[in-house]
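Sharing a structure below in structure tokens format, with a few things to ask.
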Amino acid sequence: MKTWRVYLSGEIHSDWRERIEHGAADAGLPVHFDSPVLDHENSDDCGVEILGAEESNFWRDHKGAKVNAIRTRTLLSEADIVVVRFGDKWRQWNAAFDAGYASALGKSIIVLHDPALTHPLKEVDAAAMAVAEEPDQVVDILRYVIRGEL
Amino acid sequence: MKTWRVYLSGEIHSDWRERIEHGAADAGLPVHFDSPVLDHENSDDCGVEILGAEESNFWRDHKGAKVNAIRTRTLLSEADIVVVRFGDKWRQWNAAFDAGYASALGKSIIVLHDPALTHPLKEVDAAAMAVAEEPDQVVDILRYVIRGEL
Amino acid sequence: MKTWRVYLSGEIHSDWRERIEHGAADAGLPVHFDSPVLDHENSDDCGVEILGAEESNFWRDHKGAKVNAIRTRTLLSEADIVVVRFGDKWRQWNAAFDAGYASALGKSIIVLHDPALTHPLKEVDAAAMAVAEEPDQVVDILRYVIRGEL
Amino acid sequence: MKTWRVYLSGEIHSDWRERIEHGAADAGLPVHFDSPVLDHENSDDCGVEILGAEESNFWRDHKGAKVNAIRTRTLLSEADIVVVRFGDKWRQWNAAFDAGYASALGKSIIVLHDPALTHPLKEVDAAAMAVAEEPDQVVDILRYVIRGEL
Amino acid sequence: MKTWRVYLSGEIHSDWRERIEHGAADAGLPVHFDSPVLDHENSDDCGVEILGAEESNFWRDHKGAKVNAIRTRTLLSEADIVVVRFGDKWRQWNAAFDAGYASALGKSIIVLHDPALTHPLKEVDAAAMAVAEEPDQVVDILRYVIRGEL
Amino acid sequence: MKTWRVYLSGEIHSDWRERIEHGAADAGLPVHFDSPVLDHENSDDCGVEILGAEESNFWRDHKGAKVNAIRTRTLLSEADIVVVRFGDKWRQWNAAFDAGYASALGKSIIVLHDPALTHPLKEVDAAAMAVAEEPDQVVDILRYVIRGEL
Amino acid sequence: MKTWRVYLSGEIHSDWRERIEHGAADAGLPVHFDSPVLDHENSDDCGVEILGAEESNFWRDHKGAKVNAIRTRTLLSEADIVVVRFGDKWRQWNAAFDAGYASALGKSIIVLHDPALTHPLKEVDAAAMAVAEEPDQVVDILRYVIRGEL
Amino acid sequence: MKTWRVYLSGEIHSDWRERIEHGAADAGLPVHFDSPVLDHENSDDCGVEILGAEESNFWRDHKGAKVNAIRTRTLLSEADIVVVRFGDKWRQWNAAFDAGYASALGKSIIVLHDPALTHPLKEVDAAAMAVAEEPDQVVDILRYVIRGEL
């Protein structure tokens, strides 16, 4: 039986990933979840920590973002489904970038956000197969898509 | 002689496109520029205006975003170079989405933004061939890339 | 300036193509339209007429359908936009086949049909960038997409 | 040994899938079969049931068709062989859409239909590797293709 | 108006290319024809003549075949339609190679051969959109495909 | 450890496949071999036997060749290495077709033939990574490629 | 859990591969490493040893380089990450060739070299996700990319 | 008539490009030549000159190499033929990188170098359609490939 690969992109400061993963586990769904590195500090530091310090913030961020991209690009391109979560804080341009990247690769995208964000996210939503507000809805979609159950 | 195709994505409330287009014209560069529809109101209204009114904001936005995507996806995928401009206002998730989309298609990306945005844009910058602060720098890149002149 | 390529697939027994083509011409839009062969008899006879008679209807249809596919696959794969029209008669499986083919190639699809067909066409509509009821709406989309005008 | 992936698209109101699956199992063929969701009601309701009610039928169908597409596009694109069954009822435009989609992806297509449908299905048949009338013939093809046995 | 690109592969010892090219010119069809180098001696000698003599026949042939491949692969991959002609002499493995190459690229293939060759060419014919016996039939197909005329 | 997939195309009237398979087994190489259906009669009859008799030889061959293509295209496109054997009898256009098909897919090709066939096979050899005369050489290549041993 | 595929290209005269492989093993990382054939003599001799002697050095090298390419192209194209090591001796054009090849395939590249080589390697470094000086840094990147640990 | 696109990569300190361009012009060949920026100083300075100074040599080179890559990747990917010249000085890793990049894109490659470099360039030569020693031979290949003349 196929194990579905689901990549969980976006917001790292709430428990939406856990809720989806627990929901899928409780339902016994054959899903493997991947994510970016969720430790914010490590994610910011990885470039300079491993490859050497930088004086300028630009190159510090640049080195880190590229090391992170080794992970994110690889896992995102192997996913069947990409869930992109937008929270109410921060710019979250990396989440929108991931959505565009996934869209060009022809992935099935599920966007997860509060209705208050509908207008600024309309281009992202337009590229998606589903727009949900709650993690439970993502679990419901996975259960339906994999098993046909409502 | 090749005419270079450059797609100008992002911020629509400042004159950065004009500055790049005028700069390229003044330098006599063989470049054709494309952009999304820049009339904000038309861009928001096109879906319901053409295809019929919607009661919910979500579907109103959805119809419009998809009609706009006919233009943006087509022109973006034909570009040699995609310039993505981030301003100091709004969420601009569509700009980041375009950057991700262009990146997955293997386009050469130039990001244009104020240094103050370096940290939140680090993933976008990491996918770019150049990160500029001023429209003139984009013109300089085009002149160098096309003619080898500094 | 780019000439947009638009492929008009589907129903051949009404004047919807003429209405779109005239509308686009009246608006002075830079669009080149392509279509399958619209002469129904020629379309049915081309295989046996050119390559030799067949006793069985299956091979008669088969030879013809393949000769037609030389045209349709080529033009469809060169299009920026594929308009697929479903009328109220016939099975029109070739129109739905074209829509699926265009979708897998990543084309922007506009579906044109009466609201009465919404339910059986839901999978086709779901793959489209716009669903219209009247040819004039397709002209309006082209004008907006190309010129940004409403 | 390779497990062949076969996607069974189309008609959901007769037992043709069971006949193929049982035939393949009886022959001990290493085949994994996939299908769209076969519960008609769930298939119609999934969008609104999971993502929230809609007043208009169009959006109701739209949300459902997209959720279903997450499943169908994924499984169809992983298949080695796509069998498309056309029955004697309904429009079955989704079946023809799947055939077009599979064709553009270069899949081996087997079409399964009554000879009475030959003329309207000629474009679909022309894209196929085999046109069968009975499920048993599909089993015979699988046995021959996998084991070389007649 | 689109100029169709047609690549004429295979037999170089009869006048079938001239007959097709004249037929298309007489009909005023917008077709550009390409072919491999038709001067047999030059085709055999080009490698050693340009790049230096070889003692072994294997390397002599190898160098020539690769120089020829620069032309054939480029033109074949740009064609809309590939016509492959098999005559009654020689092995003509290069013609069958071209057919396989064109098939994997998704080109529309027309095979041109005497019915006596049907059995040994069945795999090539099975990959074609049309199988013709006379050059005039190829002209007829081009006229129909481009203009819809029989 | 990777299992290498090797597709053995071409001549079906000598024991070259067995010699390669036994040689690889004796060396304990992690290789999975695939081939077309090697029962000549079944290969010729499969179309009409399964899908119904045909009066004309052309359609008899056509139906069979397409059913065989389901197997050959699938396995060939999954191979890491494609070995194509040309013997001293028959036209073997299907072998040359497979070589062209494999070449366009970017497969590593090994051609196996007597030096007497060098000139007519020069285009096929030019697309290959190795040209061998004996099955043992193919085993030696596999051992070297997989284990680095001479 | 995913096993990451890492291809180690370049210098074969120091122990950098062992240091990376041991480091990854010590950290318990789920990585499978591939490399070109590391026995220099075998790598030079494989063509003539298996396929027959050559008088000219050019063809001797040519036959060997192609047999090696069967291995290197296959494994490189299956890798998630390609590490390319440049040492202080030899031309190492094959390493730079591999880097270009990997870059066009969209692989994540890590370049490993002494800072003294920065200027001549700038084009290779510009295509990489990370530029390291020591094998331990590559292990650190793998640990971070796979487990998020610094 | 087709204008052939030829990209001239590699050595910038001898007159080999001029010799090829003049030879092609003298022969009246329909060829458009492209090259990287040939002004060595501009090529080294473009990054910091346009985008701002850098303290470290690494980032100075990095910014420049990426700006250059906008040009080289674009033109190289549009070429029909890529000529790569290796001289007797410098590391020339960018030339080998271009060759690998072109090879993965399926371009026809011609390598131009002194026989003294045969051994270290064997992997690059093995990916080429022709290996020449003098610019005149490249002109001869172009004349033959385009016009069939020796």
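The first chain written gets the first letter, and so on, giving A, B, C, D, E, F, G and H; residue counts start at 1 in each chain.
We take it that a contact is a pair of C-beta atoms (placed from the backbone, for glycine too) under 8 Å apart; a residue touches a chain by one contact, two chains touch by 3 or more.
This one's a predicted model, so the numbers in the text were calculated from it and none came from an experiment.
Asker: Going by the stated contact rule, which chains contact subunit D and subunit G alike?
Answerer: A, F
Asker: Degrees of rotation, nearest 5, to put the Cα trace of subunit A on subunit D?
Answerer: 90
Asker: Taking all residue numbers at the subunit C/subunit E interface, are over half used by both copies (same) or under half (different)?
Answerer: Answer different: the two copies use largely distinct residue numbers here.
Asker: Please tell me the distance, in whole Å, between the geometric centres of subunit A and subunit B computed from their C-alpha atoms.
Answerer: Using C-alpha averages as centres, the distance is 24 Å.
Asker: So how far apart, in whole Å, are subunit F and subunit H when each is placed at the average of its C-alpha atoms?
Answerer: For subunit F versus subunit H, the centre distance works out to 37 Å.
Asker: Whole-Å distance, subunit F centre to subunit G centre, using C-alpha means?
Answerer: 31
Asker: How many angstrom lie between the centres of subunit C and subunit H, each centre taken as the mean Cα position?
Answerer: Inter-chain centre distance comes to 44 Å.
Asker: At least two other chains touched by the same residue of subunit A: list those residues.
Answerer: Subunit A, residues with two or more chain partners: 66, 69, 131.
Asker: Can you list the subunit G residues touching subunit A in their complex?
Answerer: 2, 4, 80-81, 108, 110, 129-132, 137, 140-141, 144-146, 148-150
Asker: How about subunit C: which of its residues touch subunit E in the complex?
Answerer: Touch residues, subunit C against subunit E: 34, 37-39, 42-43, 45-47, 49-51, 63, 66-67, 69-71, 73-75, 78.
Asker: Where on subunit C is subunit D touching in the complex?
Answerer: Touch residues, subunit C against subunit D: 57-58, 61-62, 64-66, 68-69, 86, 90-105, 115, 117-127, 131.
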